[in-house]
Amino acid sequence: MYTQALLALPLVGFVVTIVLQGTARRSPAILKTWALLAFVAMAAVATLAFPEIGDTYTGPMVFGSSLSIGLTDLSWWFVMMIAGITVLTSFFTLGALRDTGTYPMYYGWLFLKVFGMLGLVMSRDLLTFFIMWEIMSWATYFVMQQGKEEGREAALGYLVYAIVAGMVLLGGVLFIHQSAGSFEFAVITAYMAKAEFGILLASVLLVLVPFLIEAAVYPAHGWLPSAYASSETSMTAYLSSISTRMGLFGLILFVFSVFGLKAIDRIGISAHLNLRTILLVLAALTAVLPTYTALFQHDAKRLLTWHSIGQGGYMLLGLATASTLGTAGGLMHIFNYMTYVALIIFSIAAVEYRTGTTNLNKLGGLIVKQPVAFLGMLFGIIGLAGIPPMNGFVSKWFIYRSLILGGYPFIALAAFIATVGTIMSVYKLIHNTFLGQLPERYNDVKEVGLLMQLPIWILMGVVFTTGVFPGLILQWIAKIQVGMGIVPIAWTLGGVAREAGDLNMMVVTAVFMATFAVGAIIFFIGGKRRIVSQYDNYAAGHFLNKDVPYNFNYNFYSAFDHIFEKLYHDAPVQTAIRNLGRFVRMVADYVRRFFTGQINTYAAYYVAAVIIALAILKEIP
Amino acid sequence: MNSGIGLIVWIIAYPFVSFSLGVLLGGYGRKLTARIQRRVGPSWIQPFFDVVKLMSKKTNVSHGYMHDVAMMMLVGGTLLTMYFVPVPGFHYFSQFGDYIVIMYILLVPPLGMALGVGQTANPNGSIGIARALQMLAGYEVTFVLTFIGFAMKNGTTSMYELMMIQQSGGVATWGLVTNPLLGVAALFCLQGMMNEKPFEVVIAPHEIATGPMTEMGGKYLGMMFIQHLINLVVELTIYMNLFLGGATNWFEYVAKLFALFTLVMSVNAVYGRFRTDSALRFFWKLPLPMAALGVILIMINGI
Amino acid sequence: MAEKELTQRTAWDKVLANLRKRSLWMLHYCTGCGAVELPPTMTSRFDMERFGIMPMVTPRQADILLITGYLSVKTLKRVILIYEQMVAPKYVVGFGSCTINGGMYWNSYTTIKALDRYLPVEMYLAGCMPRPEAIISGFNSLIDKIGKGEANSWKDYYENYEFYKKNQDHVFGDIETHHDVPADGRYFGILEAKR
Amino acid sequence: MNAQTQAPTTSRPPAATGAPRMTEALVSAITAETGIATFRTKSPRRIEGTVQADALHSFAAALRSRVGFEHLSAISCVDWIAEGEFELVYHFWSYRDSHLVSARVRIPREPGSMATITDLWLPASFFERDIHEFYGVVFQGNTDLERYILSDWKGPPPMRKDFSSRDFAHEHFTFKDYEPTWDELIDGGYHGQKRQGEGSDE
């Protein structure tokens, strides 16, 4: 009962928003309030739907099979994440979104996207999955359009990827239907268990490739940074935190449930050399390369969107080990990353709200002006860097341990290299935003209002609490692992039980608090201290004042730049890249004639493609 | 001594023990350097005088609350690491966190320092931190690879268990003996971890005015000194536990500590300073391939 | 004043002073030629570190401000900024005749003559220039003074700030050191001790 | 800036005559090109002469563009107090001929005014600022005559001959009453005798 209501609510919200969009310019509060109320109601319904886990509801018949939805442990978990982050985002936009008039359909497309995502995670057959996937992709495109001018172009880039992914997925759906004779997951599972190798390989690849594109796994990650970074900032938080993970959801669903791990492991030549190995290598590349690209970004949002890719690599690393600890780490990392990346981007949004920029070379010293935003970002980056006691550490611990003991030393090394890169770039982020010298022009910057602070405080609480008591999350993950056909993790409130490893975050945190208190005691034993002006600073006897910029934030990691500049500026490589670029531009010039930039044209193409595909489907007996 | 009254005594006394050892080590290091340079050198407990002097300064200068909290994080994080690293007779906390935990809580003090230094708004400090973080990609990555190989070989990530495995057969089962490539590579990294020459570019007094410590005076610098002294002990102990078989009693422990520190300080006394990128290139050219080779050998043996 | 304070010293103060005197870090302001005598003082031949005296890099870390030679009006400004950035207890040591009475620059129109009119000088090392033996001997007497609790000239800067400020203003205009010295003195309880 | 750096290259004599000229040839060339006939050879590579104050600018321009003296080495100043004049000496250097031309200009001490040559050589501003600070010469047309080295200087220009550094120092700075007693140990001491003779205020 609640399950259907859950799916219906965002759809109602979408329709109501279309009706109300005329009010956006005059009284934006109406739409904002409506969106918040609807999303809160959605979260409440999602909670109420808990007892309905395991039930399946069938909908209208399409092509001889009925669309069906239902909740599993995995999908309820995802539903809760979607609902939670949506409520927080819409709450944050109450304060943050100043010019609703510019984006009248902001909430409309958000509703549609939520509908698509909820439908996706609740779908119980292949056809529903595909339909919802398409709704979600298109809604994502429209959501991205609600941004700056350059955001529209970037969204177009996403659209190209999404259409490719959608086409491949359509092919996969049709192929599986043709082979297995049904859209139902159970039938497919049974079929795949003893399918021919070729059919298995083709269907796995056709289904996994779109997921990897949507999850922005290297090398299909190119669409993400500019598309996310040029969206409206609260939307960047939303997209980074949950939207990208839908691809990962599909991957979990198909690899572990629909195809089954046994079927997947048939693709390969040995226990250490199979499809999962390829996934591991891809994941390691995804973790390392984008993270080091993030290092050289000058825009806070863009820096974080590169991390969205990189951290996705960690999740895939954990999942691809298919071990108890690894999948637990991967699943938990999805939740953890969602919480702290939303926290960081909300903090950046708070800074942008007051200063009007996210350029890391222009900000600085804002800690005295926006302490709450600073604290939010601090909690967030500690989580992102994976340092105790925040939650990011726990999931990374699982992933490391599974990689080391699973016999993947170099993959584990890659994960650690990515961690070092993460630490470097998040320090640059917080240093250039909040630390260092406060430029004179930001002297009258104030903290943001309570409306925007509240989501930051809530997320800080979540990041810390789930870091200290990972058992709160792990109990769910254990249930999900049962559904995935993996030995569930032996969780305790503070981590994992002795047999599985040595981790008790409660003890770690308690000891840290105690030692921190010792530090505080030593601090207060020392003499009085006085807070001085930022211009009272060592400059080898030079008199500092507001006219003397005395700060270090440009080209922050110069040694890395120095080492890797050869890689980027070396002549043959450079020429090759330039030639490639020229070729791509030439091809794109032809392709551009197809892509007119008119949404109607794309819709027409798309409808045509779907009709052709369905016509083929009709022909097949 | 890992339960009851003994445990409580250990928990309370251990920071003092560790600090005293740190003072002796620090004084010894300075004396050693002085002797190598044919000087008399300071007192054996000179670091103690320095700390007392700094903590008793009267007009301390702060740049804000993060600067203050950073100092607490610095000392707190180091003490935290200290508790999780097993020493003879005290390994209670090892059961709650393995080396992966230690590896990450080792990052808490630098993070605290980085934040505090950031708030002092001194570019010298920021440059120092940027260098320190870049150096992580050199020594820390290599050290972690040696650990990964060692842990994979022995099937556990717990430092206490790794230590026990090494102690099972005397010197012959020490990590340095069974996996010399990993051990030697990690020794290079130890030099970097301890910020001693030639990997001293983070501090570089003649270049960036002691980097992170530029704006630290009075009790702030005093707390950094306390942290530094305890950190000496912690980092040497980590290497000892991973590759020198830890120690079975305190005599052995102190002897190994001083022997290892003699090695580190001797290198420190005779070398100049590498630039950041030179240091990184060094780590990527020599210790990292060495560790990788060691890991590959372990994998081959495993198969 | 000094005697009164000496009698007020508690046992703890005495212990602390005797520990503090073993560690003195020095910031040397080397505009003059006297700096050339410092390297031999620090290195193997005379080894200053055996008394716990070490060179330091920034004013925040240092206890001793060693002025090695003449100060022009322009460099005096920097010295005052650096002195105010130092953390008390701090000791100014005038090194060489130039700091005492102008030395060989006695008739120069931009070189200040007596350093103690602008900063509270704890001790002068006379000579043009003092040899390492003289420096070591001077520092040893400073160490004794600190141990006995007699080295309190830095308090004078807080107590008689008007005097120093007047003399500073006489040779150059107002400078912005971002320090309110009397307010600092009250905040840290250095001025109340007297009144 | 750009125009100035390019000007010498465009007006440089053709390459065919690129061989260094003899000093005598140079003197006659300068005389011919600038119309000022008081130049003489001082030493093998040094030419010296006197230029009227109002003719200096055109002289320098001609020297630079026609004879190839592209580099302004220095401007120096001498205070001839008995004659009531400042003597400004402009040193020009030719890279091609490796010759130095020193042009002496005399201007009255009062009001001590001179036309600037910063429009020909921007770096001349540095020397003019220096001379303004130390001699009080005003360079007409130079917009940047701020204090340079003596940033807090309140007295008269200190390099003028009528400025007494010793008097200024005694007036402006306070000396320590430095009365050492160690010399009494030797022979009663110079200071000790002085003390007895003069008596002390204290």
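Labels A, B, C and D are assigned to the chains in the order they are written; within every chain, residues are numbered from 1.
Everything that follows uses one rule, which is that a contact is a pair of C-beta atoms (placed from the backbone, for glycine too) under 8 Å apart; a residue touches a chain by one contact, two chains touch by 3 or more.
Everything numeric in this text was worked out from a predicted model, so none of it was measured.
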From chain D, the most remote chain by mean C-alpha position: A
Of A-C and A-B, whichever chain pair has more C-beta contact pairs: A-B
Geometric centre: closest chain by C-alpha means: B
For chain A paired with chain C, centre-to-centre distance based on mean C-alpha positions, whole Å: 58
For chain A paired with chain D, centre-to-centre distance based on mean C-alpha positions, whole Å: 70
Interchain centroid distance [CA atoms averaged], chain A/chain B, Å: 35
For chain C, residues that touch 2 or more chains besides their own: 58-60, 85, 184, 188
Residues of chain A whose C-beta touches two or more other chains: 527-528, 530, 532, 536, 538
Sequence positions of chain D contacting 2 or more other chains: none
Pairs of chains, among all present, that meet the touch criterion: A-B, A-C, B-C, C-D
For the chain B and chain A complex, residues of the former touching the latter: 15, 55-66, 68, 71-80, 83-84, 93-98, 100-101, 104-105, 107-108, 111, 114-115, 118-124, 126-127, 129-131, 133-134, 136-137, 140-141, 144-145, 148-149, 151-152, 155-158, 209, 214-215, 218-220, 222-223, 226, 275-277, 280-281, 292, 295, 298-299, 302
For the chain C and chain B complex, residues of the former touching the latter: 16, 19-20, 22-24, 43-44, 47, 49-52, 57-61, 63, 85-89, 184, 188, 190
Chain C - residues contacting chain A, complex: 58-60, 77-79, 81-82, 85, 175-179, 184, 187-189
Interface residues, chain B side, partner chain C - complex: 30, 34, 37-43, 46, 48-50, 52-53, 56-61, 205-206, 209-210, 213-218, 221
Residues of chain A defined as touching chain B within the complex: 365, 367-368, 371, 374, 378, 382, 385-388, 393, 396-397, 400-401, 404-405, 407, 409-410, 412-413, 416-417, 420-421, 423-424, 427-428, 430-431, 434-438, 494, 498, 501-504, 507-508, 511-512, 515-520, 522-523, 525-532, 534, 536-538, 540, 550-553, 556-560, 562-563
